[in-house]
Amino acid sequence: MHVGFIGLGSMGQGMAANLLAAGHDVTVWNRSPEPVKALQAQGARAAETPAEAASEGVVLSMLADDAAVRAVILDGGVLDALPKNGIHANHATISVRLARELTERHAKRKLHYIAAPVFGRPDMAAAGKLNVVCAGHAASLERLQPLFDAVGQRTWPLGDDPVRASVAKIAGNFMLASAIESMAEASALTRAHGVSASDFLEIMTQTLFAAPAYQGYGKLIAESRYEPAGFPVRLGFKDVGLALQAGDDARVPLPFAGVAREALLEALAGGDGERDWASLATIAARRAHLDERDAD
Amino acid sequence: MHVGFIGLGSMGQGMAANLLAAGHDVTVWNRSPEPVKALQAQGARAAETPAEAASEGVVLSMLADDAAVRAVILDGGVLDALPKNGIHANHATISVRLARELTERHAKRKLHYIAAPVFGRPDMAAAGKLNVVCAGHAASLERLQPLFDAVGQRTWPLGDDPVRASVAKIAGNFMLASAIESMAEASALTRAHGVSASDFLEIMTQTLFAAPAYQGYGKLIAESRYEPAGFPVRLGFKDVGLALQAGDDARVPLPFAGVAREALLEALAGGDGERDWASLATIAARRAHLDERDAD
Amino acid sequence: MHVGFIGLGSMGQGMAANLLAAGHDVTVWNRSPEPVKALQAQGARAAETPAEAASEGVVLSMLADDAAVRAVILDGGVLDALPKNGIHANHATISVRLARELTERHAKRKLHYIAAPVFGRPDMAAAGKLNVVCAGHAASLERLQPLFDAVGQRTWPLGDDPVRASVAKIAGNFMLASAIESMAEASALTRAHGVSASDFLEIMTQTLFAAPAYQGYGKLIAESRYEPAGFPVRLGFKDVGLALQAGDDARVPLPFAGVAREALLEALAGGDGERDWASLATIAARRAHLDERDAD
Amino acid sequence: MHVGFIGLGSMGQGMAANLLAAGHDVTVWNRSPEPVKALQAQGARAAETPAEAASEGVVLSMLADDAAVRAVILDGGVLDALPKNGIHANHATISVRLARELTERHAKRKLHYIAAPVFGRPDMAAAGKLNVVCAGHAASLERLQPLFDAVGQRTWPLGDDPVRASVAKIAGNFMLASAIESMAEASALTRAHGVSASDFLEIMTQTLFAAPAYQGYGKLIAESRYEPAGFPVRLGFKDVGLALQAGDDARVPLPFAGVAREALLEALAGGDGERDWASLATIAARRAHLDERDAD
């Protein structure tokens, strides 16, 4: 299939590569040129502008946040470039508000906006093992399925309103934040009573919580290894903010999100914005003055 | 091995039965007679008093809470009955304070107190699949190992201070409460935006959160099935209280525990103390007035 | 003094009237015509546009929120209309972000932006009894002093950066929200133990908390009188949001603001957006199911 | 009137002295002898035991907490010593649970338990300016009125169930904790935006929050003066715990109390248990890393 791909960050590179590997004809665009060259070496064509990448009628994008989507997709002329019935599938985590706006703006031009956020880190993107949550125009979803198969291990369709996929992704990231905060507090508690985070989390993540989210972040906490960040505090704060905003819009109180937000903000205040958000464990320990105790 | 077993509730019955099945010589005691008869039919001897069950020198107990442990073990004469170097292994979830007191009171009499709380529900107790977290006198732990093997799938030793095993169990139950509250809030959020709890939690519990804790409670939330309770709100409130108390004693703030506590208390105020604590999902939905919206 | 006044809502009407009463020459503008006529009857001149109201060189504005300030002041051409060294004093409660933006945009055009938010309700505006918190260009503040004297009982200058006055107003409103939530929870607690909100709050507001904020809102809670709203839940939610946003910008965690936010959002979810924010007392009571108890 | 007075701490001393000054015949008891001698010099008689102080039939007590009341009143034989229809008025802040137990234990012996907690610090006790909140047997309250008049500026009766006065006192102290936390967060916010706590709190405590609670604690925060403590973090933590426990007993969620509790616990973890609880302001500042910023 002819497909455009916009946004070759750590996630987008792997995704675009897997599309090429699956035999698709991919035209890529990225703000900086290096990732473009790497993909050209794998057979991609390079577009001069985002709009050019959209001209074939199906374009995927994987951009950082709301601001990047506005700048590249809306201001970049992608909607103007898409032919009638063209499809834009957005893999990024964006706000429910922007998802709704994009849905409407595409519809007005007889284009199809598909929300297709993904769960998985860059290594899973590279391995084609993402989980793709998607929603939007049914026939378009069907048409995109071979592309989703190339980048993901499984597709999770949520119906025809793109907002649904966006909110599911936001809620999922909020659950991740909660899992981390929960491990952070629990291991501060055990540590203060003589059980190391490592010993405690080993039990938890091999029994009741034997799941990727807990095992991955539990390992970082057990080893106090927060750099380089897989997912930094800065973005975690943004995503918990998206959950709270989605809660505002639909009038849903989210007290855990409020608490996670404060902890992430305390981490930001301490200058830890670029550390992995598993470093919430250091905030829980700081509030209990645990390191000072160990130093005694 | 000759062993006494005190407390034949839904957990204790299965554990004692597995000790018998493994060939041990078990003397049981329970406040009410029915479970005693059932175990006699499987080969157990019945003790008249808790003290009698302890007279052979090794006694296990599985009682409801701090008050039951005080009433049955301390007031029941178990420490008087245990011979010198006798072992008492406590499988119940009790406070850090009582764990410390028991440790000291056993030590004064040259007895060994072993904390051996378990993770797992009654069906896992019946199947001999519990996870046994334990701490205390090393030689005693070694001696108890065949018993732990009979009731559990794996033993997780945490050193020589019994308090360590107690706090690990308490922290684990707090992580369960947090997992439930997190699913409760996240699915209220998705539901308000058009994604059912069932659809959302299916994705989560088959991907990032594919672990027993999430799958078990996620299913209850997806199906709004809170009766009969596997673990009731009333006990969940008690256990989150144990976490907060353990935090008080060691000066560890636990903001998530505070929030979970308020939600469980709201459930109690609404008369839901005997429903499964997965019904925290109804509290999150109530705060967002979701059922009234559906009724429109 | 020749002065323009933009925004004749319930607050602005009283303020403009007091300016006239003090002998100033006032040109008013308002989106809807009725309040303009009322002030013309008191001697004001009517401007056709916001820009016209600014043409004399000193303009005050009292608009609802960030959006209104953007629409009327920025899109309304006020900055274009102000002569060099002109002064715009903004009495509204706006975000720290917009305060900073306005400061910069005025400075670029050699204009002076003064933040002059006020504490006080419409009756105090009508009586000329507001408390005016202000910050900005020192000589401009001096020039404005007679105007502040006409509308307020006292002026509280906070230096030359307008953001300072904005954040003080936002923090003050957050303290009001906290005072209300505190009374809401405390009186739910006493009520559940047999002491009416009225009896309890009478003691508090005549002793330790004998201050206008507590006496005013305490009375509304004691009498369950939430309509018509002095200050509605909807605006309270907005203002607590401004505090959280100001905290984000400066990396200051505000856990009380987070909790107040959830309670206000629960009120909004229940359809109480237009009731006085003292109705947080009904949220605290709802969480404890107090009304159902009384009905028994 | 003949009256016994038990407990001559910083509050009790002033109260007993005022009873003497009003012409009452006071028999005092205290664990340590120094305050007894001081009061003997003012005309008091010294009792050898708490029971002796109760033998005349009316005894007041002002003890530190639940444990002290149990040790001195219950274990000290006060109930045995009181003649039939004797009155014990308790001025201390104790738990709702103990208030209920004391009510029942007095009633069983045909004695009258009066809860008469007071608002006011030691200087107000010395000046006879306390606010006395009271509840219990009506005729006994009437009999005690001259005593309350001697120690207080005003009496606030709450009916015949002593629990009512206890819960009002607990709820009042929770409101104080909330007022402090609210000032702590608000002034961290303004400080981060360039407005000192001193400037900000001066405005607040002279306008909307012109009440003793805010002015007293606001001054401590503005001056960062937390030693010597008027009321230490340690006792504040205990009292917020009493509010939460009273909420548990009556099923009333108190989210603000939960947040205040975490902040006080963080202060305790940092070794600040004996500083004034106004030092919550340092916790809010610590979470925002404000002191490190100032040091730059």
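Chains here go by letter, A, B, C and D, matching the order in which they are written, and residues are numbered from 1 within each.
Keep in mind that, in the parts below, a contact is a pair of C-beta atoms (placed from the backbone, for glycine too) under 8 Å apart; a residue touches a chain by one contact, two chains touch by 3 or more.
Nothing here was measured: the structure is a model prediction, and the numbers come from that model.
Summarising the inter-chain layout, the chain whose CA centre lies farthest from the centre of chain B is C.
As a whole-number value, the distance joining the C-alpha centres of chain B and chain D reads 38 Å. Inter-chain spacing, taken between the CA centroids of chain A and chain B, is 36 Å. Put simply, the C-alpha centre of chain B and that of chain C have 52 angstrom between them. Across the assembly, chain B contributes residues 247, 251-255, 259, 262-263, 266, 269, 287-289 that each touch 2 or more other chains. In terms of which chains touch, the assembly is arranged so that all chains touch all other chains.
The touching residues of chain B, when paired with chain A in their complex, are 96, 119, 131, 133, 154, 156, 158-159, 161, 163-164, 167-168, 170-172, 174-176, 178-179, 181-183, 185-190, 192-195, 199-200, 202-204, 207-214, 243, 246-247, 250-257, 259, 262-263, 284, 287-290.
Note for the complex: chain C touches chain A at residues 241, 247-248, 251-255, 258-259, 261-263, 265-266, 268-269. Listing the residues of chain C that touch chain B in their complex gives 255, 262, 266, 269-271, 287-289.
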